[in-house]
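Report on the following structure.
To keep things simple, chains are lettered A, B, C and D as they appear, and every chain counts its residues starting from 1.
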Amino acid sequence: MENTEKAVEPFLKVQNVCKEFPGVKALDNVSFDLCKGEVHVLIGENGAGKSTLMKVLSGVYQQDSGEIYLNGKKVEFQNTRDAQLARIAIIFQEFNLVPNLTVAQNIFLGREPVSSRGVLDRKKLNADAQAILDSLNTGISATDKVELLGVAHQQLVELAKALSFDSEILIMDEPTATLSENEINTLFDTIFRLKARGVSIIYISHRLHEVYKIGDRITVLRDGQTVGTRLVSEASMDELIRLMVGREIQRERIREENTVQESMALEVRGLWDRKLLQDISINVRRGEIVGIAGLVGSGRTELAQTIFGIKRRSKGYIALFGRELEKSSPGKCVMRKAGFLPENRKEQGLSLNLPIRTNIVHAALSMLFPMGIVRRKKEKDIAENYRKRLRIITPDTKRNVSNLSGGNQQKVVLAKWLATESDFLIFDEPTRGVDVGAKEEIHFLIDDLARNGKGILVISSDLPELLTIADRIYVMREGRIVKEFKDSHVTQEEIIAFAAGGVVA
Amino acid sequence: AAEYEVTLILKDNTSAGWRYLASAAIAAGEKIGVKVTENSPLETQNADEQYNAMLDAIEKQVDAICIAPVDSAGIVPAIEKALEAGIPVFTTNTRAFVKNPEDIVTFVGVGNEKGGYDIAQYMFGKLSDLEKINLIIIDGNRTGQTTLDRIAGIEAAIAEDDRVVLLDSQEGKFSRANAQEIMESFLVKYSEIDLVIALNDEMAIGAYNAISAAGREGEMLISGFDGAPEGLQAVLDGQISATLNQDLPGQGSGVIEAVKAYLDGESVESWIKVGGDVCTPENAAEFLAKLKK
Amino acid sequence: MNSQSLRSRRETLAHYYHKVPATVFLLFGMILFFSLLSDKYFTVSNIMNVIVQCSSGVGIVALASYLAICSTGVDLSLGGIVSLSGMITAKILTWDIPLFSQIRNNNPVFLLLIAVTAAIAAGAAIGSMNGLILARTKIPSFIVTLGMYKICETFSRVIAGGTTIRINGLPLFEFIGNGSLLNVQIGRRSIGLLPISMIIMLLLYIFFSFVMKKTRFGTYVYAIGGNNESAALSGINTVLTRYRVFLYGGMIAAFTGIIFTSRLTSASAQNGLGLEFDGIAAAVVGGAAMSGGRSTPGRTLIGALIISVMKNGFNMIGMSNSIQMIAIGCVLIAVVSVDTLRNRRRFV
Amino acid sequence: MKKYWGLLKPRLDTLSRLTALAIIFLSLVIVSPSFASAANIINVLRITSLTLMMAIGVALCMLVGGIDLSIGATIALTSILFGKFFQVGQSTASMIMGITGMLAVSILIGLVNGFCIVFLHLPPFLATFGVQQIVRGLAYLLTSGLVYSNFTEDFRFIGGGQLFGIPMPIIIAVILLLIISFTLNKTTFGYRVYAVGSNRESARYSGIPVNKTLITTYVLSSLIAGIAGIVYTSRLNAAEPTIGAEFAQTAIAAAAIGGISFRGGNGNVLGVVIGALILTLVSNGMTLLGVDSNWQVGISGVVIILSVLVDRNASVRKT
């Protein structure tokens, strides 16, 4: 491990930590340190062990060997409570909110203010929670139930919860994966404020450009080992990527050839739903990659869900490959060779307790086995094929999906939809939580699909991603399409201006 | 239109015996102008539901309540409430342990304890040539009054006859299926069985099914209880040796007739004996004919 | 009146309409329905009758069922606990050993206290066992509590020793299940307006409403029901919370056991068995979701009342029992589907 | 060694269940002289086969994350209907009509269960509990408590006869088990069952016909109950409305002991055989040992808890 000059004595020190799961060495002699008031960024490929390391630091897992020193004293956390008491707070990669409780109850869960007699002090609870939420400019009400909030707002509640601990160390495991530009900026402001107060932050992200905005130092993990720590000011992006992936990554626009064909894959005209969507008309041609940009809550996911028949439309025309889809349902769409990769893999994308290979054939069941009898050999071959193509890191596709790291789970969802060999695919946040290397592969893959004449609709909060692969971009705001960019010669700023409502179309 | 309205509360709403009693009571009521509404606990023999049914009957201000208590002691507070509201109470099949005997207008039936004693004694008599009687009892439900009373009677008979050895007894829950399974096990376990006393006809037939399937028919005698049509038929077919005719239909019509008489101002005896005869192959046809009628 | 305040008033009304559970309307609808069919239905005495039937039967058990369901479990042992605790009460009150005979003769009130305490302790013990196993292992609550139900039944049978235990000459004890305060004379009968069992039931419900709403424990039960893993990661002691849920459930059910024995002035091992399903039905009718984290004690009480009102009403109009069974099944399904559909409309 | 742990672990559950079964079996062989006799083993297997049939159906429902409390009532109602049909002609023709009627009605009950769960969005526990009430109520209503009995010989063969020395119920149960096991492991329907049970939302997004799968599952469960009802009625040579009050409970216990999870999507229907065997062995063993009925209840309760504990204690809850 390389030495970087340290101005301050490390506050948290991790030494030679190992953690093994059955068949996987998730952490292999990891050492790592964190100084006071520092933002230390942790990057690495999917499955590199980032989340595992953080779970060890926050008491969810116990390391098999190795030590953790806090303020020079050795600590051992048996559970999350111990870590909380040591003033370490964490925002997990996967949400950990209780849906039927209010935002305030979630924020202070386990630490509710009580009066002297042990009776809950609801007023104080709500007021304290609201104060934190307001400091984040969220517009979320503390008394709302969490189940009524969207993904992004839930992420913000997680942030508020972490802040409420008033901790000395704050761990954020991919906090921006579901956020869009506005919220990200708020988050960064918050991070700067905390830093000024002397809070140390460990920040995990796959979006490398973020590293330069907020990071002080950066550590790269690979295969459960630390491969280097750098000062951000001294590390170039290319170097980081090389450390992470072990090869160069092309960061330019990958779509050069125009593969767009004449015939329509998807056509939507005048689509409304009862709540959000208003008069939406879009189309996707075969061989074309169309992006949809927009802020969180703008209705992109709703649009995709309505097209796919998960939510009901109140009126509007939808056609696949020129044939009208009168009442859409997922089953019908799959039969008509259309697929939809949902944004929330844990809830909508995967059967966590079933094997990887079973998950991969789920959407293509009737296509692969038209006679209704499953052939295990075929199932295995397909799964192995996608494991190689998408580089899903696992010792065996018989394993349950729950054992995979977040990014690898995402790849399984992707594989599931690729296996249907659909001619039209909607990707909702296809690279959420996916590392740069894999992301590039996914981009190539999407490009390849388009080359083969498939129509693709990509919804993404990651604007650079859209700019990299989309032929055409729609911008949504408040349930409407507010702008269509006919080609990819746009800048992020232009898109944001439309998405945020600065420009009237 | 019916002259009087009566609520009839039996031990459950499901098993065959109580259905015979209820339908006879309703039929008798129709004949003599008494409207009988049955309100027995739904599935289980449930003392608390009987209590509630009594309370509901009181609220309905019926003219009389007839009850076969699941729990002879437990029903007493409810009976007192009925009396307080001025509603006369009749018992049938099973007595209630009221403090003053005159609280109950009349009891219609013979009682399970006596029945148990009689049938056991009869069966022991049939085996008079044996020096030792290996006995199996298939119980009903040991938490219920009916079983406890019948067992008490059988035990009294056993105490008087020192040839009897009680090999085993298990709960058949008054169900044919359970009795069949239990008997299958007993047949494996015991090579010599002389007598099987089942606490109702259904279980006796179940025991017979097991015995005949094992090819051990004729090795042992079986007795039932209740005198239900299936039981009587089984006696006639020689599947079981005897059953105790409780004359449940007789209890049903008897109690309703007593109600009518009482409400009409006639005097009613404090114990109307109905049933209690041991049905044997000789007299079973007679009883069956009476039932069919 | 200006239009704005009118509108806001309409909004508050709508707000309250949504806050009132559908079951309340249903309850009143049923009472109206039965009143139309039977003139003896809507009388003071029958209303008290229904309340007594509820409080000495499904009412209290429903509260325990609700607690278990709210924490994503079911408690099938409740019927067994009712039987066992009732049996223990009876046994202590009638036990023929010198110590107890002496106490009975000298200070019956003290003996009563011992009996009641022992019954609740028994409920607590069984509840603890449930709680310990459930908190410490991953065995589903259906199985654990089913097993415990059978264990309770066995102990109850063994204590009974093959008979029913009768209690005589303890008027104070009989008063718990049969007595009431504030009696009024209507015709020949005196109707109690404050039955003791009702008071016990209401106190329990008020206490647990408070607990669920105003204490950390309550919040944690909802949290476990909403998402057990998140609750654990938030540092909540889920083991202890789950344990307490079943502990309290056992103690609550023991009250029903005491009331049962007092009401019948006797205890049979059969008493109370099967009540657990009524309890679950009542809790679910009240709005509890089997997936946990929903409903409140108040709603559960409404659910229990609906069940009692239904049974009594069918009896009052003289409906036959088989048809009653069918009707109760239909009403269960109907009520809960109206409730779920209504909620879905609001959320989806 | 650790490398193989991953492969061994999923089988460990089955292994420990088998061990539990073996322990119970061996202790009975040692304590009770009559236990190991051929006659008794056949008895045990025959009783097991009835429990097993019902448990298979319930296990299916548990695999899709539901439960079926209505099977006992279904058996009662269909058996009564058979009695009614049979009464009409008392012949082979009326027997066939009766059997057809039984199966048709059981399918209908399954459809009602499925409808309540899918379209009324009722929790399966409640829906099948309500349907159970209705169905049993109907059974009482149809018979007013009477018993139908004395069926023809060919009908009695189904539950009481033997083929190649093997009692018919065992043969029927094994056939059912093989069919269902094949369906679950080798057909797309089976995959759908697991997918729906594991994550209904994700199954829906994958274009799996969730509603159809759920309804089919409940229909299958009821249909199997109907078949069990035929065997049962034939074996008892009687149809009565009270039968089956505890069937659902026993079946669920057998399924749970057999490793079918209540959350859905987990477990193998073959494990249910072990569950059913354990339950039967214990009750048969206690009868043979002459354990007092009062104690039998409790001991079976302890066994139910312990035998589920056996395969779960490897993964004792941590927090």
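Just so we're on the same page, a contact is a pair of C-beta atoms (placed from the backbone, for glycine too) under 8 Å apart; a residue touches a chain by one contact, two chains touch by 3 or more.
Please read these numbers as outputs of a predicted model, since none were measured by experiment.
Enquirer: Could you see whether B-C or A-D has the larger number of C-beta contact pairs?
Expert: The greater number of contacts lies at B-C.
Enquirer: Measuring from the mean C-alpha position of chain A to the mean C-alpha position of chain B, what distance in angstrom results?
Expert: 71
Enquirer: Centre to centre, by mean C-alpha position, how many angstrom separate chain B and chain C?
Expert: 34
Enquirer: Please report how many Å separate the Cα centroid of chain A from that of chain C, as a whole number.
Expert: Those two chain centres are 46 Å apart.
Enquirer: So which bits of chain C are touching at least two other chains?
Expert: Touching at least two other chains: 157, 162, 232, 237, 320-322, 324-325.
Enquirer: Where in chain A do residues touch two or more of the other chains?
Expert: 79
Enquirer: Which chain D residues touch at least two other chains?
Expert: 136, 140, 144, 294, 296, 319, in rising order.
Enquirer: What pairs of chains are touching here?
Expert: Here the touching pairs of chains are A-C, A-D, B-C, B-D, C-D.
Enquirer: Mind listing the chain B positions that touch chain C in their complex?
Expert: For chain B paired with chain C, touching residues are 13, 37-40, 42-48, 51-53, 55-61, 70-77, 84-86, 97, 141-145, 148.
Enquirer: Okay, in this complex, where on chain C does chain D touch?
Expert: 74, 133, 135-140, 142-144, 146-151, 153-155, 157-158, 162, 232, 237-239, 277, 280-281, 284, 289-291, 320-330, 332-333, 336-337, 340-341, 344
Enquirer: Sort out for me which residues of chain C touch chain A in the complex.
Expert: On the chain C side, the touching residues are 213-216, 218-220, 222-223, 225-227, 229-237, 293-294, 347.
Enquirer: Can you check the complex and tell me which residues of chain D touch chain C?
Expert: 116, 120-123, 125-127, 129-138, 140-141, 144, 249, 252-253, 256-257, 261-262, 294-305, 308-309, 312-313, 315-317, 319
Enquirer: What residues of chain D sit close enough to touch chain A in their complex?
Expert: Answer in residue numbers: 2-3, 5-6, 9, 185-192, 194-195, 198-199, 201-209, 265-266, 319.
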